[in-house]
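Here come two complexes built around chain A, the first alongside chain B, the second alongside chain C.
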Partner chain A sequence: MNVRRPYVRRMEPGWWWNNAFLLRYMIREMTSVLVAAYAFVLLAGVFALNRGEAAYRQWLDVMASPWSVAFHGLLLAVFLYHSWSWFEIMPKTLPQIRLGGRLVPAAAITWGGLAATVACCGILLGGTLWLTR
Partner chain B sequence: MRYLPESDPEPRHQVYEVPYSDTGSVLEALQYIKDELDPTLSFRWSCRMAICGSCGMNINGVPRLACRTFLREYFPGPVRIDALAHFPVERDLVISAADFISKLESIKPYIIPRVERSVAEGEYLQTPLELEKFNQFTKCINCMLCYAACPQYGIDPAFLGPGVIALAHRYNADSRDGAAEERMGQLHAEEGLWSCTAVGYCSEVCPKDVDPANAVNQNKMASALDYFIRFVKPGEKS
Partner chain C sequence: MAHPVKRSNAPVFWLLFGAGGMLAALLGPMLVFITGIAAPLGWVLKPDALSYDNMLAFARNIPGKIFIFAVVTLFVWHAAHRMYHTLHDLGIRRNGLSMAFCYGISLAATLVCGYALIAIGM
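== the complex of A and B ==
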């Protein structure tokens, strides 16, 4: 008698909740929603600029409100984690890199990427401050 | 976890008490249950030294080889053992590997020589640097822990999956092989590389440090490049 009856288990809705690795992955994915949301905030600023000075000043006032400052603080933390989590997996996306015949370790790729980002942000911020001085 | 297809409508859990020793593995605990407590318990095992890849199971929710997982890590217990996640359960801790095997076969996991050489012409030569390009991916023992770790495979079993893609890459990156183009067809598909969302847990659970996430994601760049080259110059190969 053939009693083969393979049982297919369904994934639980909270499959990522009880595993630290998968939880970190989901946080990485969810932070991208806030990253996208902030793009819309900036886009609103561009539209306000297009509508004229009064609208742009109003947008600036909203940005300077305590709620907005708190929101920006939260976003900064989210952005820092988001950036870190992607640079953390950057070595997984690259083929072997050799410098002087030696394999570049994963940590060097992660920290190199982060250093490049900090340098770019520094140049952008410095340039903006210099232009608006 | 227990599942007897002739009597259980669905898997259930059963509790056993096993003697503890500092050097005892989870596999030995299962063998104790089968020998001393309950001969109806089914599970796969063979080598007891992490090379046959048979005893993969979810131990306290983490895909691991039972032979290289020790009771001391969980002392004083309990240890919850489930059949390897995402695969259909045949009986108790025995899963059906049919899907994995057919996917493995489909990517032609063997060297298809770039230039055929006769025996008289001698061996295919390779430099140490050429070997190093794919060496880590040769360590795969087909244990399927990476599949149990991959939520994308759990959500959509059509996904080719980490292990098979790592092996496809192993042969594609081999300087002696000339069949990369044949294999890339499958990898370009949505169920190929592009179902991967870079979770990276496959590499975390791999008992042989194969790093399948690296094999999958480094090929995404080649796949994207191939797409754009075809887009710009239809009919041309990258």
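== the complex of A and C ==
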């Protein structure tokens, strides 16, 4: 037994539910579950690719099923929210940036990051189209 | 050195979390669209864009291997770190067990991904 007997505050199970800020916080943290789910979808594909053509075809068939396409529609929404929330909190996670002695405003960091997302997504799509032309 | 400096492991995990979060924020939406929606439905891309031959050639290429490995493993490490801390917020206090669970899954995924990419060959 701990002789200090530290005070441990009681925690209600749904403490984040009734406050818009905390709810947004929890949704943002929960996007990571689906980021991991997508990584495992890709991992299954890499694993199938290694096992051979039949196994990989099976993976492609699963990916083409309506359930999978619907699930990826959900994943797309979650990833878009991840991109938004990632750059929304970036002004708080980065050290302060000064340009010419002035603090770079938070909105510039957020919108700069989102512009980078648009650019990177465009390059990825362009690269995929070029590689599979 | 009689008393080695005791260092925290937090920066390592935070770096992996940050790298995965950044990669997911920059490329995630388009990756999901390409692999999960456009290619299966034959939208935008050719229907055989993700065919066995195409993907095998991609995975046998060093830049392709690095890309696949980075996406899969960093996404998983990102999620593991976030879940480890969110479990704490949900009342499962940070301890060795929750740490082993979260980071153990991402370590396993990293090993499987690395094995598959090596086994695919050059």
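We adopt the following convention: the second predicted complex is superposed on the first by the 122 of 133 C-alpha atoms of A that agree within 3 Å, B and C clash if a C-alpha of one lies under 4 Å from a C-alpha of the other, contacts with A are read in each partner's own complex, and residues count from 1 in each chain.
Rule of thumb we're sticking to: a contact is a pair of C-beta atoms (placed from the backbone, for glycine too) under 8 Å apart; a residue touches a chain by one contact, two chains touch by 3 or more.
This one's a predicted model, so the numbers in the text were calculated from it and none came from an experiment.
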First, second, both or neither for A:Y7, with chain B first and chain C second: first
Touched partner set for A:K92, first chain B, second chain C, both or neither: first
Greater chain A contact set [chain C / chain B]: C
First (chain B), second (chain C), both or neither touched by A:A115: neither
Which of chain B and chain C A:F79 touches, first, second, both or neither: second
Which superposed partner A:L23 touches (first chain B, second chain C, both, neither): neither
First (chain B), second (chain C), both or neither touched by A:A107: neither
Set of chain A residues, in rising order, touched by both chain B and chain C: 11, 16, 29, 93
Interface residues, chain A side, partner chain C - complex: 11, 13, 16, 26, 29-30, 32-33, 35-36, 38-43, 45-47, 49-50, 53, 56-57, 60, 63-64, 68-69, 71-73, 75-76, 79-80, 82-83, 86-87, 93, 113, 116-117, 120-121, 124-125, 128-129, 131-132
Complex contact set, residues of chain B against chain A: 3, 5-6, 10-11, 61-62, 85-86, 88-90, 96, 132-133, 151, 154-155, 197-201, 203-204, 211, 213-214, 217-218, 220-221
Contacting residues of chain C [partner chain A, same complex]: 18, 20-22, 24-37, 39-41, 44-46, 48-50, 52, 54-56, 58-59, 68, 71-73, 75-76, 78-80, 82-83, 85-86, 89-91, 105, 109, 112-113, 116-117, 119-120
Contact set on chain A toward chain B in their complex: 3-9, 11, 15-16, 18-19, 21-22, 25, 29, 89, 91-96
